[in-house]
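Okay, handing you the structure first.
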């Protein structure tokens, strides 16, 4: 029995890491640009379809497809922020909300019209392999995706901590007026941050397709989950997003195992309420 | 897209024409109605979360006019998307009737169907339900609703019996089973039926656990772990296509090899996306459902028309949705012909008196009881072989014999 | 950066012309069933419903500044309570609406209390409301007595069709009940805005610190906003339950519904008296027009309508971020005499 439970925990950790990467993108966008990206899940689903198309037409493994997809998404994010989102930065949340809900509708239904409603699978040659280590049965695809998620997060972490550009972006997040006073080009940095955030989403979406099949209907669930993880883990904290993802992944897995699996999301939402009430900065965020 | 209504000249058409002429001579008052076609509004969820099923039904609706024309029935169809929303279903039903629809067929999801049913009841326009699972639809005393689709309870009763039959036919003797179902309308209805019917069904195995999973979950690895923790030999599933893919994948990864994966009465194990995602791993799953009768002439005509109109889709995969949709239109069209009028009350009366022997799905003639429910729709035992749904029981309709236990996941081609 | 709220006017500031127009609209709507067809009436019923719940949400957001993205929670609670009382105990909605309001008000107040007591603001508060709505949705999916995911049905019962106090009836009944609700909501909003409580809300929406310094009890004001808003929304839920006669947790509590009901007030004009009504009159017909237009053009692509709908939302919020009504009011000269703002 303990072997089974260990399996459940490990599954939760691996899945949680990939969800955490998706939440990471939201953390960057929300934490730095202060835009409530309610179209977050929709972008992730676009990335899933992009990886699916690259796999179907060029045989590109999604883990490798992560790079071109993330690059394209960076560009898209940069342009999107400059053209569409910038006028809404600093405006009331409900206005951002409507803009992004509208954008989300356009994306989901566009995908529905192009690809149809059925699930689009990426059938990797190793997609059904698993490693057996003692009582553990670990999926190869999930393990690879989780490892890639950690690598991307580490790169991002390094960027924000160690480079001048990263530090400048963090300065914007911490103190907007101060940053402007110091001479930082805030608009350009915002666009860069949005680009980076969306690149994260792109990478996460490409990895997601090794675990789930691309479908337009996934978008809303992804958005909600990303928000839950970001709040629980802590806004503006890279490690917080991953830790939050793992926490949500494991707690949902355990809740699903010991209680009824159809109830497992209840625990995430209950956890969200508890975090909001008791520790609103999240597990690893700093008090504003 | 509207299909040409003209019947091609053949013996049936001539006979039907002769019948029409004599009817005209016998009842001059209804000449105008008889000569025209019945305008039917087909409301289906072609976008929104039910899109895959709605679009599948829609493929059937598109070819129905030409197939029905062969049999001397003339219909004019209006295709409307309910967008998987109750609000839209209700307002669009009103609009359709405003624009001259004399009958409504739909709507796959029970909430939308009930919303439409109220409109139809108030406006005295018949509603023929092609597919909708909630048992309550025919328990409301609605006079203008009939349903040519089994209730969740009927599906489970028939499904359980067929499970016994297929186990006997393959000489399989599993000792335990786990029942896993999506926690949505359909899954909940079947779970309720299972809870009620299984204990008295006299099955040769024990049901050791019933698991409900969240249909919006992206990952079912924990659920599969729960199943395999009980080491059942049989897994009974009620799922949708996307979930079925995840279930099987995780069973393979977790190296869990049941003797059989059987659905007591739900689709999901044979959708095109299921086959494409799993390839050879999609074979040998069994599902007990009403099915198109491969030996019925109307079914064969339907298959031919489907092939011509939808070359990118397979009839074998769509025949459940397509068959029921065409049958609903058949019920309406045949009643129109018998009643000689499209007026609500007489048309509804004719629909309730339906007795059609030559139809698409396996089973006896289409008839409705006084609640408007068709109580006599049997299920067939269908198994995926070579990535194609194949009827294996009952023997009269079967094209292959069932093969169980299923071979190992590994090494399949 | 704090959002800049545009000032909105009170009913008594509205010029006579505007009040006459409002009265004329009301008369037209009262007489509509005599000359409009059933399709148009069914759309109007939807408009009234969305205007009503939009107005309820507007009280909390537009007047008191609290963003709730889980308002479907209150619709659902009201709907299920009234429906279950009717089916299990025979208590009609005319009476059942009271416990329905009670339950929703309690929950709304609890959420507001949590928000205020623990300083959960803005987007965080919005996520709190989403969490409660989703939690309740999944809970109801497993709540056997309420039908669970299989749905809860209010029986049709043809023999009881004349009982208007039990909301059993034809289209005209629901039309007039819907109209009464929407009108009542507008009147209530107008009255609240001009009341002391309304001024307190405006103060705390503009600058919470200053309001507190003035001695306004922030907690009380916020809780009153949430309670009134939830209570009103629950009545909309009761209407919904008896109009559609079926309740499914995923459809009633779903976040899609929460989003849907806030579109009208935001597009119409937040914080204004007529904003949600204008918004509902724009958005609901917009959907139907798009469907009809696509059909005429022969476009058979499911999803096309929703795509254009999304584009329209984006355009509206880009071009008129304060909503359509303030601009429309200015264009028609219906703005407040003193403030130049729209009521």
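Read from first to last, the chains carry the letters A, B and C; within each, the first residue is number 1.
Here is the rule we use: a residue touches a chain if its C-beta (ideal position, glycine included) is under 8 Å from a C-beta of that chain, and two chains touch if they have at least 3 such contacts.
Bear in mind the structure is a predicted one, so any value in this text is a computation, not a measurement.
Two chain pairs, A-C and B-C, are compared here, and A-C has more C-beta pairs in contact (counted per touch definition above). Chain centres here are means of the Cα atoms, and by that rule the chain farthest away from chain A is B. For the pair chain A and chain B, the distance between mean C-alpha positions equals 38 Å. Per-chain CA centroids place chain A at a distance of 32 Å from chain C.
Centre to centre, using the average C-alpha position, chain B and chain C are separated by 38 Å. Among the residues of chain B, those in touch with two or more other chains are 47, 51, 55, 183, 212, 214.
For chain A, residues touching at least two other chains, in rising order: 109, 112, 260, 262-263, 265. Across the assembly, chain C contributes 138, 141-142, 302-303, 306 as residues in contact with two or more other chains.
Against chain C, in their complex, chain A makes its touches with residues 30, 34, 36, 87, 90-95, 97-99, 101-106, 108-110, 112-113, 176, 220, 224, 227-228, 231, 260, 262-263, 265-266, 269-270, 272-273, 276-278, 280. Residue ranges on chain B touching chain A, taken from their complex, read 47, 49, 51-52, 55, 183, 211-214, 216-223, 225-226, 229, 241-242, 245-246, 249, 252-255, 271-273, 276-277, 279, 281, 409. Against chain B, the residues of chain C that register as touching in their complex are 37-39, 42-43, 46, 138, 141-142, 148-151, 153, 155-158, 170-171, 244-246, 248, 250-251, 287-288, 291, 300, 302-303, 305-306. Touching chain B in their complex are the following residues of chain A: 1, 4, 7-8, 11-12, 15, 109, 112, 116-121, 123, 127-130, 132, 137, 139, 208, 211-213, 215, 217-218, 221, 252-253, 256-257, 260-265.
Those residues of chain C that touch chain A in the complex are listed here as 1, 3, 5, 61, 67, 69, 114, 118-120, 122-124, 126-128, 130-132, 134-135, 138-139, 141-142, 255-256, 259, 262-263, 266-267, 270, 301-304, 306-307, 309-314, 316-318, 321.
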